[in-house]
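First comes the structure, then the notes that go with it.
A, B, C and D are the chain letters, set down in written order, and residue numbers restart from 1 in every chain.
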Amino acid sequence: MLNIGIIGAGRIGKVHLESISYHVKNATVKAVADPFMNDDTRAFIESFGVHNVYNDYHKILEDKSIDAVLVCSSTDTHAAISIEAIKAGKHVFCEKPVDHSVAKIQAVADTLAANPGIKFQVGFNRRFDHNFAAIRAAYDAGKIGEAHILKITSRDPEPPNPKYIAVSGGIFLDMTIHDFDMACFLTNSDVEELYVNSAVLVDPAIGEQGDVDTAIITMKMANGALAVIDNSRRAAYGYDQRAELFGSKGMVATSNDTLSSAVLSNADGVTGEKPLFFFLERYMASFSEEMRQFVNAVENDTEVPVGIHAGLQSVKIGLAAKKSVAEHRPVKLSEIC
Amino acid sequence: MLNIGIIGAGRIGKVHLESISYHVKNATVKAVADPFMNDDTRAFIESFGVHNVYNDYHKILEDKSIDAVLVCSSTDTHAAISIEAIKAGKHVFCEKPVDHSVAKIQAVADTLAANPGIKFQVGFNRRFDHNFAAIRAAYDAGKIGEAHILKITSRDPEPPNPKYIAVSGGIFLDMTIHDFDMACFLTNSDVEELYVNSAVLVDPAIGEQGDVDTAIITMKMANGALAVIDNSRRAAYGYDQRAELFGSKGMVATSNDTLSSAVLSNADGVTGEKPLFFFLERYMASFSEEMRQFVNAVENDTEVPVGIHAGLQSVKIGLAAKKSVAEHRPVKLSEIC
Amino acid sequence: MLNIGIIGAGRIGKVHLESISYHVKNATVKAVADPFMNDDTRAFIESFGVHNVYNDYHKILEDKSIDAVLVCSSTDTHAAISIEAIKAGKHVFCEKPVDHSVAKIQAVADTLAANPGIKFQVGFNRRFDHNFAAIRAAYDAGKIGEAHILKITSRDPEPPNPKYIAVSGGIFLDMTIHDFDMACFLTNSDVEELYVNSAVLVDPAIGEQGDVDTAIITMKMANGALAVIDNSRRAAYGYDQRAELFGSKGMVATSNDTLSSAVLSNADGVTGEKPLFFFLERYMASFSEEMRQFVNAVENDTEVPVGIHAGLQSVKIGLAAKKSVAEHRPVKLSEIC
Amino acid sequence: MLNIGIIGAGRIGKVHLESISYHVKNATVKAVADPFMNDDTRAFIESFGVHNVYNDYHKILEDKSIDAVLVCSSTDTHAAISIEAIKAGKHVFCEKPVDHSVAKIQAVADTLAANPGIKFQVGFNRRFDHNFAAIRAAYDAGKIGEAHILKITSRDPEPPNPKYIAVSGGIFLDMTIHDFDMACFLTNSDVEELYVNSAVLVDPAIGEQGDVDTAIITMKMANGALAVIDNSRRAAYGYDQRAELFGSKGMVATSNDTLSSAVLSNADGVTGEKPLFFFLERYMASFSEEMRQFVNAVENDTEVPVGIHAGLQSVKIGLAAKKSVAEHRPVKLSEIC
């Protein structure tokens, strides 16, 4: 049984608390810390039988009975807390992105290198989604041969508040970062070069923040495959999350999940349901699965499914995308450091 | 090159004229006869380069250069004209149903038995439809093993004029007869027994004519399979024509054809097109294909794909269905004679 | 917070224990009783924090702190235990079928009538399935107009052990009973008359037990709609659970659930996943939902979603189906008493 | 009735001969010319009742009874013959591409400007395909709002003979040119800038010819939309032809056509048919439709659906794509002249 402490009790921290309590047999949440802890949050946490509720996360790091921590605090604190936790001998699950700065992520990587017994997993939950995992499984099983073309469609149901844009790091570090990691996961390869074609088509206020809201990113993967991601900050029909991997022997593709398979045929046409709208609804099962696999990797001392390399790559790709937009040219990943 | 005469220049006679002219390489229409020939119809026929246009079909039977005739006249004349044509040495393609009377169809069968060189095909065009033919092909190829359950859904887009009901022979001889033949075709078996569950739900005027407009017919096939047909005289979304054959090793099923594969996703849902509405649009290619196969059977002296047995069976099943409704009990085909 | 006792710790009792613990916020399992309690089962129960584990269910009925019981024991004990529980003032959730005997179910109904404050729900979990519930919701919302034709396809992945057939009451009381209830639920109507067309096509050993393994049941519903169920004890491709409701304004239909939406296109065709194979996997969410709604009905003193009438109807329909097979004729529900 | 002469009796010339004969009511082929006319081709032509069969196309241009010509000769002769035909007062339907040289296409455009009564249509048949036309129709009807992202997938079933690569002008002028035109058609806009990400993944022999066989092309359209085309010279599952247009109010997408809708469910999965393999099979109806619309434009003196601008744009885009590969940078269309 693994004892876990959660640092950060916002939306995603609560999701992990519930996942571990209900869906991970061999782990228990022992403590939760959040500097902005309030009564509601405390009551929510206690309803899961967790009674060590703190403002200061150091209490978690100091608790010898705790084996692993989940870093679910704000992005700018991820790297520092992770480094502290590693040094305190805790295994770490860190939400994405690890940081917006390559140097800071590298510092985490260096700390890990100096503490080889510590497991460190990055929260790219979509890798554990039933659909995307099925694409990778088909690829690994040789069903499509060598990878030639990867296509990812990722469109949000609603744009974020333009005020949030500034602190988010922009669309590539906030939204597309999931798709960058997915591209690496599905092709089992790093990115070598990319080019971004982008525009402000959804909301001029996003443009005023210096960001874009619609983008097509093409990439050359290190293994020779080509890839393309298309993003929009607003799809009228909901959260659009699809991928398709085409190779020398065939193609494997996924479609969106819906609440039911019911289809209505009437004088207006043949109508099925829209995709699930909200990311927590769409990806809930993947949050449980990433937690199970993290816990298993720690318990069995096996490799974590999403390591620091993935955390570093995804941010480098995001920074390369920003550079491509700024300089209006293809950018090699090797230019980012 | 087969020379063909068409007897009856109504809707279906015109369809065959066009099919042969455009889609059957080794046949030519030489003459068309119709007692109600008018200027428009004559002009239509001549636009295909056919200049022997008659009121009296005997001129076709007397024309030694004509090898085969299509009997497309009103149902009550099918049997008599077919017998005349067979005796005149013509191969015959006869529209369905051959007749509403078992005795009259038997008379055609007897005439054929006495003229073994003559080919006789019944116009069950749906057997040549790409979807239904694919089900039978999968079955013949052993892909579903032994047939266990056949399901046919057959719903018209609009009910007929209630006045037409009286002369049509009722839903089972007019509409379901296609599905009865399809059941025999898809399971490659005759029917042994059936039971009808029916109602008047679409139009009370149909009930006033002594007919039903909604029905579920279950059947035991001679080869042991079970079958079920469901019919409605009115589907709000168009012409619904589906089938599904389930067996010991699997199932093969078809869906409706649409004008395009376009699917619109918006705030209302994910909407594809309705099924094709009109039977001529839906089944046009099957009319060409049945003609090609009839011509080939004559040219190569091979067995026709839909012989007099199918013509007889389908009407017997229709009569059994009427009896089942009248007597509110399962009826064996052997009771019909 | 509702305190619940579970009577019967077999497969379905364990499912409810887990559902309530993880997915029903306002209920707690306080005790579990099973005459065959063993160490494994006891350990499983205790892992959910339930420490009142008994052999004798009377201890549950005597516990004043327990508000409601789940009757998950063997079918032949359902009615007697339910009656005891009602008399002890407990709300009851009873697994299906309530009994194979109409008289015994009627005795439960009579006891309920004498104890009007008691809630009694029957375990027809499929009513709470996302797909089937969506059909009923579309119907209730008027989207298909009046119901004309209901089609249910229900095929098991594997036949039961032939030895089990004898105690199961046969296919209609064991397997089709779910579909009978579904027919009533989806059309919001009772059954008036039915006719069964059946055969032994899957396993001769089932026939030797006097049962059938393949069946088509057509029904006239009390509200005028026609319905058809097709059953097989073995579908090579897995658990096939579909329904389609056709009405005056349109049709709503559902397809099977799969593990993922991944589709592989290669030289062999375009291949998606098989339906989920195991009923617990397919219907797991419905077990939680029926529990939530039972608890809510008790807590809010509202009508339960599946009452004793549904329990009685479904068994009557099953007995009518057996009579139809035995007497080879349509049978009215009013004949069953 | 429009009298037509066909110049060039290769594969596509024969397709048009058959289309006009069978599917275009108000046009007749009067003559066919081909410098390589042989007995088989002559017999094929005469089987359609066309008896003016020439080696020298000038005989067609000199025939006063001929209203329009189809230029179906080799690409390098398209422009010169078109100019001759225009000057001879014939309306012209010219196969794509008009030429590989912008200057030569401009010469055709100039000749047309000097002969304003002449209709000139370019053979981009895919615009008339039922699926792609449905996307544009939905867009024109305002169903998706403003266009934001266009995605086109276009993959051939088999690569061409590497020897053919040299004369074809390369993948962008030979294969992608259809997709470039489709991008302009579906967004109803010209291209402003593009960037190509490409590779040799299918056949090294294609690379040895200086061409690529796999490509992702992203484009900025003049109306602000972003677009992406992905191409492969070889899809193991057949001819893959899909498009998806995403906009402010929704998305419209098409899937591939198949021979039938039959789906087989068995222990291996749920398998539908592969896309139609051969472009003539896939697009046959579009060839008839483009001919009908050309004939109608001439007969009614209305604008042709695909004019010289489309012919010029598509080649410019193809040349820009080649430049983007050569110079490894985004290229503006304004750079091509």
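Keep this in mind: contacts are C-beta pairs under 8 Å (C-beta built on N, C-alpha and C of every residue); 3 or more make two chains touch, one makes a residue touch a chain.
These numbers come from a predicted model, not from an experiment.
Under the contact definition stated at the top, the chains bordering both subunit C and subunit D are A, B. Contact count check for B-D and A-D (C-beta pairs in contact): higher for A-D. Among the remaining chains, the Cα-based centre furthest from that of subunit D is the centre of C. Rounded to whole angstrom, the centroid-to-centroid distance between subunit A and subunit D, based on C-alpha atoms, equals 42 Å.
Chain geometry summary: the mean Cα position of subunit B and that of subunit D are 40 Å apart. For subunit D, residues that reach two or more other chains under the stated contact definition are 235-237, 249-251, 264-267, 273.
Viewed as a contact network, the protein chains are fully connected, with every chain touching every other.
Against subunit A, in their complex, subunit B makes its touches with residues 235-237, 264-274. Contact residues of subunit C toward subunit A in the complex are 22-23, 130-131, 133-135, 138, 143-144, 249-257, 259-267, 273. Of all residues in subunit A, those touching subunit D in their complex are 145-146, 148-149, 151, 153, 155, 195, 197-199, 201-202, 214-216, 218-220, 224-228, 230, 232, 234-237, 240, 246, 248-251, 328-330.
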